[in-house]
Amino acid sequence: MRLDPDRLLPSDPATRAVARRLYERVAGLAIISPHGHVDAALLADNEPFSDPAELLIRRDHYVTRLIHAAGVPLERLGVPERTGDAITVSPREVWRTFCEHWHLFAGTASGYWLASGLVELFGIELDPCAENSDQLFDAIQEALASPEFRPRALFERFAIEVLATTDDPLDDLAAHAALAADPSFAGRVIPTFRPDAYLHPLAPGWADRVARLAQRCGSGASSYRGYLDALAERRRYFVAHGAVCADHAMVQPLSVELAEPDAAALFARGLAGELSAAEAAVFSGHMLIEMARMSVEDGLVMTLHPGVYRNHSSDTFARFGPDTGHDIPLATSFVEGLRPLLERYGENPDFHLVLFTVDETTFSREIAPLAGFYPSVYIGAPWWFLDAPDAILRFRAAVTETAGFYRGAGFVDDTRAFLSIPARHDTSRRLDSAFLARLVCEGRLELEAAERIAVDLVDTLPRKVFKL
Amino acid sequence: MRLDPDRLLPSDPATRAVARRLYERVAGLAIISPHGHVDAALLADNEPFSDPAELLIRRDHYVTRLIHAAGVPLERLGVPERTGDAITVSPREVWRTFCEHWHLFAGTASGYWLASGLVELFGIELDPCAENSDQLFDAIQEALASPEFRPRALFERFAIEVLATTDDPLDDLAAHAALAADPSFAGRVIPTFRPDAYLHPLAPGWADRVARLAQRCGSGASSYRGYLDALAERRRYFVAHGAVCADHAMVQPLSVELAEPDAAALFARGLAGELSAAEAAVFSGHMLIEMARMSVEDGLVMTLHPGVYRNHSSDTFARFGPDTGHDIPLATSFVEGLRPLLERYGENPDFHLVLFTVDETTFSREIAPLAGFYPSVYIGAPWWFLDAPDAILRFRAAVTETAGFYRGAGFVDDTRAFLSIPARHDTSRRLDSAFLARLVCEGRLELEAAERIAVDLVDTLPRKVFKL
Amino acid sequence: MRLDPDRLLPSDPATRAVARRLYERVAGLAIISPHGHVDAALLADNEPFSDPAELLIRRDHYVTRLIHAAGVPLERLGVPERTGDAITVSPREVWRTFCEHWHLFAGTASGYWLASGLVELFGIELDPCAENSDQLFDAIQEALASPEFRPRALFERFAIEVLATTDDPLDDLAAHAALAADPSFAGRVIPTFRPDAYLHPLAPGWADRVARLAQRCGSGASSYRGYLDALAERRRYFVAHGAVCADHAMVQPLSVELAEPDAAALFARGLAGELSAAEAAVFSGHMLIEMARMSVEDGLVMTLHPGVYRNHSSDTFARFGPDTGHDIPLATSFVEGLRPLLERYGENPDFHLVLFTVDETTFSREIAPLAGFYPSVYIGAPWWFLDAPDAILRFRAAVTETAGFYRGAGFVDDTRAFLSIPARHDTSRRLDSAFLARLVCEGRLELEAAERIAVDLVDTLPRKVFKL
């Protein structure tokens, strides 16, 4: 296992030479990570990572799902069960199972990130396998005990300038506050307001969450108006703690204009458990417009992550909970569903709306054309199943010819795998360099322009779009 | 800013050499443009273009939309308002705004066409920017005053053999007649029958248009039979003025068989304003089959441009009207919707049906398979958001393996930007050469066959499919 | 016409060198063909092929459809009419028509396979055309008379180890039995259980087929329980004759859980001809789960071939029957429709479900994510309109980054054109080598791993997934 210094750059020598030159301009720039799922407490506590399995396997559903597909039950990979039952498999066993299945990751994005981390951080040059599993485990374990592998040390080593987390609206953001108040930590770790569970009346526990929201915000009775006020108050709390973004997931990106009495009536019937699926979708579609309205007021960038069938295997969900590898993309449609929202706020210069998708057909068909007209709409980086080398190149080829480079929002790593952050950003930088180099070599772009754009994609655009 | 002589050809030296050889075969062939939106009066009047903004910016919604997305209001770009209010921004200001935003067009098709025109026609080698904006404006302005920049002189310089316009069925086609009668003009400028606004009962002003149609054609009362007769009469008028094609746009390519009494009843209720959206769709789906029937009778090629959500921003539409940059593609489906029409005329050797799409998923899935069986069905060139280098290569790769090269209809520029016509056709020729060269270098096509095909794509196919 | 030894390998010299090395590892491996449409009687009877038209044209709807699209009626190509009327066109005339239209196949998969067969099997180096049509006909005709062109001799020459046919559940499989019992034939020719016509209540003749099924299996009255028993009995009969797979086609891959009384009621009403289209879809969706249940019991791999609008031209269907070139792909959706089936059997280690598609948007969006989690789900090879060079590379790029190489099921040729089998498998091997070589040259895969994977794709995976 080795890392080719020209990895991910095109094989054609002329194009590779240009790509290498572009990559050198951006390789060392600080990481701006405006969307992801690292826990702020990881950095606030700054405890050592416990072991290789905890660090790299158990909580990374990109990794566990593929080993599961090979017939290994999730419990053998140490995925925590919902019941909170003690995990009976040792970290060393989990690691061995992973090493035995390493060949499954050939050609995958996860495999590439894992290899990058193993080589660059731990100096491992052996392909993981059953035979060297213990040796690798011990090597990593030993490294993790050293001070330079504490989370904050890695944060600095990774040159992360901004790291956004994703948080429940009722989170007290104590870890964020502690980090901000700590003079020994120079990084910027900011929360993201993620209110899905409070906006979808059929989400499990919605009424309870709404009640807790009302209670926390002192808005008395759970009236629709109080609910809106409480959401706005929590958004302001997030803004006060450094948030720049509110993130929204849904099956389809539907927005619906409702008069307030109609919305209030649906809200009340939702609390009473009386909404049909269609009515609930109307209500949450309405709430998406309300969230956009609040974004215009409080300045939070609105990001959309639609089009995923969550928790496809109900048996796995019952045992292991969400985010365990069985979320499956769906055909997604933005044009009609987002129209009511865009009719209202699409031309508003203070509103930033970043569209992500896992249905890559929408890149050229819908997202680039929308971002190519509406000043508020920005193209999100290729996300989730699409954050991989070939998919990233398809993304660039799909959106650039319609929308250029300046309607994008820069790269987001969207990860809960802290160690993979540098490899993911490096992947993106290499592939953007490869894409730009091809345009240069095909006479479609001047080299000087490509150099400027390469930097803008990494630095200028995320700062501007995410108001950093 | 310079034009690489090998631009758009692949970087791999072996492939580039073959591509160059193929391109040299077709670079100088005359332009056949069987579908576009240039105004025939431009050539009939042959007045000088007034200024660079009028020529290149104000009326090109590919250009204005991307600057608008950067936050510039359309009025600052001189886009005419519907109210007909005087435009308060000077051409020089519009041009400066464009130059300030030139970097937005890097990597876009529009940027490539604009650069081609600036370099090739005006000898400009500076990247437009705020600093040189006045200098460039003056240089272009001066050129426009010279006789060789009159529309007819450019028409000859561009080596346009046939140019089709797109026209309202009630247009008197006076400009076309004047051009045809003018012995000093050798070009062939032909109208295209575009009846959408007369076929969709919910289109604004439909009843009025139908009334005018009946009045013009002397078919007396607005009966359904009179309406059909009037449409057929206008088609004959277009044929008499050189038309070879009737062009049809719609949201989804739906065709519906109706018995005449049912169609007549919907027609009458449509005039009375009583149709639901679903009923109106049924009626216009029926009229699509009627148009196909008339095409079989009068020989006009039927082209379909479905799958666009027109005028997505109602505020922009209210102020600036249609074709102002906020038409957004939709997922499109041809297989079931076109079946009734194809059941009736799909095997008819006199019927030519050219399918365009802005949903590129349909290229390999629907359009190539349909064109690979029905003798009447031809594959339209990649259109609108897809008429760009990478998209054109994706198109060729998507359709060729199923349908070969001979079910295509050749390139169409579909443009209202007269100056971009040569750059667009040149782009297509370069990319087809690149695609063919790859097949040659991968041992999938003999060089001699590639040379023949390159010429057929530019010359033989559009002549045959569009009956020129 | 010549076959470049490096055909289908990338032009870039470094990548081509690696691709060649990988290809050399797999070029000579035996062919495993677990899904196709060759008739077992061809091998059992081992009669000489009658003539070039019968061998290569008349029965290959990939070929006839494209010549038909050029305006040649199917009867002129000798496609048999349903009425059984004598074919009036001679094989020589069919062959001449084909030769006259040979240029249509440039760039198509069919053209590539035909050229491979003509060169490699018959030593023909002339591009077919009107002038050499008789000469080529005679050369092929002469070869066909020789013993080495008998089906079994070709079977050995092609190095086919396993060939699966596709068969009606009531087929007596006599040809398969004869081949298995014949000590002079060493090949393995196995049937595939294809019950579609027995599972879709609105399929023409369904009730008759069900009656024959009940009669054959002695399950007495056509009760729902008897129907299930009879299907299970026929599956066991297939297993006893070597079958490893049950194959299922449908418009959309819908699965539906029904309680037995509800299923029985729909069955009874289906026999009475009383089902609506929606009810019939529910019943066949239910039967898909029943088939999965039986697969778990009897071990037959379940393959799904959804998403095709069959017999799009009803006129052609009426005259020439099914499989005559006018089946058209449809947008397909797996995620919600397959969920009930996967809820029940998705985690079952004995259940193998191979998903094929002709809607390539589902590769990255649905199929790779499903196969990347469920142990039962495997990714089918690119099928039908997608079994061509560029489409195969798009397939690999679309699925690998999410699912790796080891969730695939290997290549299937899916052909009724016996002579094209080696060219199809060779195509797949060359393109997989090309894909792997690119990953090697882009630093994404070690060469040693690529060599192992190349062999696994051809050998290990189809054996494992199809239980061979």
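Observations, loosely collected:
Per-chain residue numbering starts at 1, and chain names A, B and C are given in the order in which the chains are listed.
Operating definition for what follows: a residue touches a chain if its C-beta (ideal position, glycine included) is under 8 Å from a C-beta of that chain, and two chains touch if they have at least 3 such contacts.
If you're wondering where the values come from, they're calculated on a predicted model, not measured in any experiment.
Copies chain A and chain B of the same sequence differ by a rotation of 120 degrees once their CA atoms are superposed, given in steps of 5.
Here chain B and chain C face each other with different sets of residues for the most part; under half of the interface numbers are shared between them. Here the CA centre of chain B is 40 Å from the CA centre of chain C. In chain A, the positions touching at least two other chains are 12, 331, 361. Contact residues of chain C toward chain A in the complex are 12, 14-15, 331, 333, 335-336, 339, 342-343, 346-347, 349, 361, 364-366, 368-375, 377, 397-398, 400-407, 438-439, 441-446, 449, 452-453. Residues 1, 3-4, 6-13, 65-66, 68-71, 103-109, 111-112, 127, 309, 312-316, 325-331, 358-361, 385-386, 388-391, 394 of chain A touch chain C in their complex.
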